[in-house]
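Both of the next two complexes hold chain A, though its partner changes from chain B to chain C.
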Partner chain A sequence: MTQAAHASLLRPRGGTTGTLLAPATIVAVVLLVAPLFLLLRYSLNRFDPGSLMIEALTLENYVKFFTDPFYRDVLGRTIHIGVVSTAVCVVLGFLPAYFIARTQSVKMKSLLIIAVILPLLMGNAVRVAGWMVLMGDSGVINAAVMKLGLRSEPYRLLYTDLAVLIGTISVQLPFMIITLQSVIESIHPSLEEAALGMGANHWQVFSRVLLPLSMPGVVVGTVLCFIMGMNAYATPVLIGGPTFHMMAPKVYEQITKANNWPFGAAMAIVLMVTTLVLTMLSSWLMARMSGHGSVEAKA
Partner chain B sequence: MKLPRLGTWAYYGIVGATLAFVVAPLLAVIWVSVFVNKIIGFPPTGYTLKWYANAWALVDFREGFLLSLQLALLATAIGLAIGVPAALALARARFRGKAFISTLLLSPMMVPGVVAGSGVYLYFIQIELLSGVQLAATLPGLIAAHVVIVIPWVVRLVTTALLSVSENVEEAAQNLGATPLQTFWRVTLPIARPGLVAGALFSFIVSFTDLEKSLFLVGPGRTTLPIAIINYLEWNLDPTIAAVATVQIFIIGLALVISDRYVKLSRAF
Partner chain C sequence: MTRRTPSSPDRRHFIQAAAGASAGLLAAATPLRALAQAKGELVVSNWGGDWNSNVMKALETPALESNGVTVRRDLASAPARKSKLLAERNLPRGKIDIAHFTDADAFELQAQGALSEIDYSKIPNAANMLPGMRNPFFVPWVYSGVVLIYNPNKITTPPKSFADLLNPAYAGRVGLIDQIYFNYLYAFSLSSGGTMKDISKAFPTLLSLKSKVQPRIYPSHQQLAAAMQAEEVWISANYKARVAQWEADGLPVRGAYPAEGGIAIQFGVVIPKRAPNKELAYRYINEMLAPNACRSLAALTYYAPATKNADLPPELRAQVEFSEDEQKRLHLVDYEYAARNQPEWLEWWNKNIKV
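Up next is the complex of A and B:
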């Protein structure tokens, strides 16, 4: 193989590599990293109702956030929804993932994977529309209940904590199923058969063979679900209603409606840092519990 | 793994119920979109397609649809133009800081939409204050924000595809007299094409369905389809909104079915 064969496009080196990478890298830095730093900087400014924002270097927005019971409550509720919905997804996600991973029929598998990925990629607007059509006062469930004469008044399904949880879980669950499915697929079925052959029962096969081997998938799935649960916007706004407060809608409100940029920016930073810290904490805990030194996240 | 009989039924039951739960909102929307009565009743007294015409007649939905389409196509085109070269470098070149660049390019996937959206919104306003160029609530502003969220998909899917092209094939082409450029166009790209197609389709989907980031960047008379949907939902719940949502389901479904022919969908995440 001659040096001449190393054509620049096929084996980019030095300057060519830089040229190839520059546009995407610049876009990511200019339109993602820089805005995040700006957010951090704004969060240290001072709000003034007259001139909107005064340059400053103060932590007062953070102090206001953590000393105001209302906002502490909003953060608490956000963490609560994030944790509970993620835990439910871990429990509910495993069996469907296992089923899809082990289906012999190629057609069936393809169909099921599309059935999971379609809702996953549908975006929150359409999914929320679906849950409202199902759970609204004049929605499908209530229409059916009243038609059957079970009740004369509709059930209040929307605007409850449970409805928000259901909506959030339906956003996250497809991610959990797909992530676990990929991992389980890579575990050879003969391992389960061997365990069964040596006298393990089904629970033992699950807890001693399948679960430890799929731990990397569980960690990735948990992280993804938790990020989505903590940062939900459409679900709390539309399914939770005007009195259900979570962080992401409050950030939006402060920045675009109240025009309190410093406080909105501080809330965004709090939301991101809380998500990040809890994410790292949970991956660390799961890695410890599963006995591995470290489990690396795929994404 | 063979399960005892009762266990088998419980297993199928749980799997079926969970999958039904995942698709329920989409099926509900599709079903209600053809109900004849404006007030959702059960069972419906008849079926109709009139709500689709009704939805198209509403200016917010029509223009939202056209804007989302335009936005997704442009963001995908730009995303490919800058993402494919980056993927090429990540797949083929050896250089210091590769892991860092790779993480940077994939990070938009992990930064929550509302956080990134509020950052970009304030950033655009800051630019406007400094230079007088308006970006928030404009099409270029939306495109810029969407390019960032499609880049990770292009980079990830195209890098994987390029890594699957054996260097031996390329060397063979060159030994047979192909120039590097010919080899690239006639050998490397065709082999990597499934990844390119999938990258393009996923970019389109991610941009078309984006809600959280666009939320900050739309303006009066310039609303994307997902935002038109949630604005309408705040006050109304009727078959018209179901029809609009169904249109989005079919567009995304079509894009997915096409992707399925090119890549193993479950590995795209």
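Up next is the complex of A and C:
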């Protein structure tokens, strides 16, 4: 049977396509698209402390956000955390992913994968609470440092930018490793052996063969990690402390504490659009980069 | 033999008289009977953590759950719960029967039309509430006031005013709690010659506090307690109830009543506008104001009861209650002013102090 015949057999006919797609489409429209439009509409309303929202069609919430240096800083800090934590995840995640992908023993591979995803089995807030126990002024790290006589005063670890970065990376890293591992596994080891056989050194094998072929995994992992980093909530609130401002906690604060739904909605839209634009931009850039120097491109 | 028909006058009179008497008795006993019999499922909206466990111990378990009422709890921070009630107010039927809030939260909710008016005739125990405590939309359970809290090992002369937090000798040792930022605005308004109705004088004082002593800002009471325990923080302002609780827990802290007066806070309950089981909500409130529940909660939380018949032991009374003079100088929040300006204050606090 030809390939075309196979395809025509597998393709649903008549009303079947619509019937199969309908439930998922309805759920997505009702639960995702409609609330997004509602949020967009709220963001164009005017705020009044007495009556919450006044129906309007104004851009004043967006103007306030982009003209106020405080909120611009909040967005800048959020992008910074998203970009840096994602970059660190790519660097730290590649080797463990490669190691797991090339592990021959099925039992060992399963154990390693379970070890990577184990932290994901508990809630984000619980994991962050663990970091608080480690990094607090009288936490495990400081207690050890002071017990060893290395310092008389505790290090200020909690409520710092570094603490937030560490916490965010710990949340994202398993996603990066698992994504990369599944892609690296599909790259046949004979390609690396061929490159080595033709005189390439290990760095050249990595940069000219392995990395370009792993780019789909890098792109997907980067997108996942970046979206999580940009939308981090529990980590900045719990280990960043009150003086560390990121977008998601500020959106929550505007909606619930200040009752300023229009401004909170505008901030949510800004966060979503920024994440979307940066994600598309980075995917496009990486897709272009992977097109140069790859084995496939030169083949 | 006389034969009486069903409509014979004697029998008719007897039935009428009996029915009248029963109706009279029934009418007299209706509020109590209704409260005693109100059973079923009650959804209570409350803060989580210690507060909820204390409310369970003092009230819900002994007075309601042990007597056939199923209590379901919706636990979250006040802002999240307020948003839920605001969202529910336009629905035909809500989910929450009774909700725990502060007096200021209750005012905001009432201004937004999210609450039912309290019918005090359905709460026999409300007769024992302290003067001035009755509010048409909010039933206070306990109250306290913001006072100074300090470490007597580090600060040997007790502070006298909120202005003492600006003392450069305490640089790096002043702690503030983000959660109750509004109290600092009131406190520094009072210490700078302002009032509770115009807090504009607090802003320059708080900026001066930031530059003089670089206060440490903690997210919640628990973190400040840990910092005071570790002697990282020597002085702060907090509710008298917290001072008493931390002192009882062995923390090195003492309280001091500020010369400008404390800032009052009340904790109590509201009935949402769309509460599905209002009868049971009234039973909850009545049990809440009973001496046992008030006494137990005071012993657990160190907040003073809003009723006069709680009959606290003398030692506890000294820890939780205010003297007559202190009581007179306790400042009440101007809810309308606060609700109108709170979003602006929060933004100012975020931009100027939490950076």
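Going forward, the second predicted complex is superposed on the first by the 263 of 299 C-alpha atoms of A that agree within 3 Å, B and C clash if a C-alpha of one lies under 4 Å from a C-alpha of the other, contacts with A are read in each partner's own complex, and residues count from 1 in each chain.
In this section, a contact is a pair of C-beta atoms (placed from the backbone, for glycine too) under 8 Å apart; a residue touches a chain by one contact, two chains touch by 3 or more.
Note that the structure is predicted; figures quoted are calculated from it, not measured.
Visitor: Quick check on the chain A-based superposition: chain B and chain C, clash or fit?
Guide: Clash.
Visitor: Touch test for A:Pro49: chain B only (first), chain C only (second), both, or neither?
Guide: second
Visitor: Once the structures are superposed on A, label A:Lys257 by its partner contacts, choosing first (chain B), second (chain C), both or neither.
Guide: second
Visitor: Touching A:Thr243, do we find chain B (first), chain C (second), both, or neither?
Guide: second
Visitor: According to the stated criteria, A:Gly130 is in contact with first (chain B), second (chain C), both, or neither; which is it?
Guide: first
Visitor: For A:Ile227, decide between first (touching chain B), second (touching chain C), both and neither.
Guide: A:Ile227: touches chain B, not chain C.
Visitor: Now for A:Ser138: first (chain B), second (chain C), both, or neither, which partner does it touch?
Guide: Once the two structures are laid over each other on A, A:Ser138 reaches both partners.
Visitor: On the superposed three-chain arrangement, identify whether chain B or chain C touches more chain A residues.
Guide: B
Visitor: Looking at A:Val84, would you say it contacts chain B, chain C, both, or neither? Reply first, second, both or neither.
Guide: neither
Visitor: Figure out whether A:Phe70 sits in contact with chain B (first) or chain C (second), or with both, or with neither.
Guide: second
Visitor: Considering each complex separately, which residues of chain A are in contact with chain B in the first and with chain C in the second?
Guide: Of chain A, residues 138, 237, 255-256 contact chain B in one complex and chain C in the other.
Visitor: Across the complex, what residues on chain A touch chain C?
Guide: 47, 49-52, 70, 137-138, 237, 241-243, 245, 253, 255-260
Visitor: Under the stated contact criterion, what part of chain B meets chain A in this complex?
Guide: Where chain B meets chain A, its residues are 1-4, 7, 11, 14-15, 18-19, 21-29, 31-32, 39-43, 81-83, 85-86, 88-90, 92-95, 101, 104-116, 118-123, 126, 144-145, 147-148, 151, 155, 167, 170-171, 174, 179-181, 183-184, 188, 202, 205-206, 208-212, 215-216, 225-227, 229-230, 233-234, 237, 241-242, 245, 248-249, 252-253, 256-257, 260, 265-267, 269.
Visitor: Which positions of chain A touch chain B when the two form their complex?
Guide: Going by the criterion above, the answer is residues 1, 5, 7-13, 16-17, 19-21, 23-25, 27-29, 31-36, 38-39, 42, 92-93, 95-96, 99-100, 102, 110, 112-119, 121-134, 136, 138-140, 143-144, 147, 170, 173-175, 177-179, 181-182, 185, 189, 192-193, 196, 202, 205, 227, 230-231, 233-234, 237-238, 248, 251-252, 255-256, 261, 264-265, 268, 271-272, 275, 299.
Visitor: Can you list the residues on chain C that touch chain A in the complex?
Guide: 77, 79-80, 82-83, 86, 108, 111-112, 178, 217-219, 226-227, 230, 232, 339-343, 346-347, 350-351, 354-355
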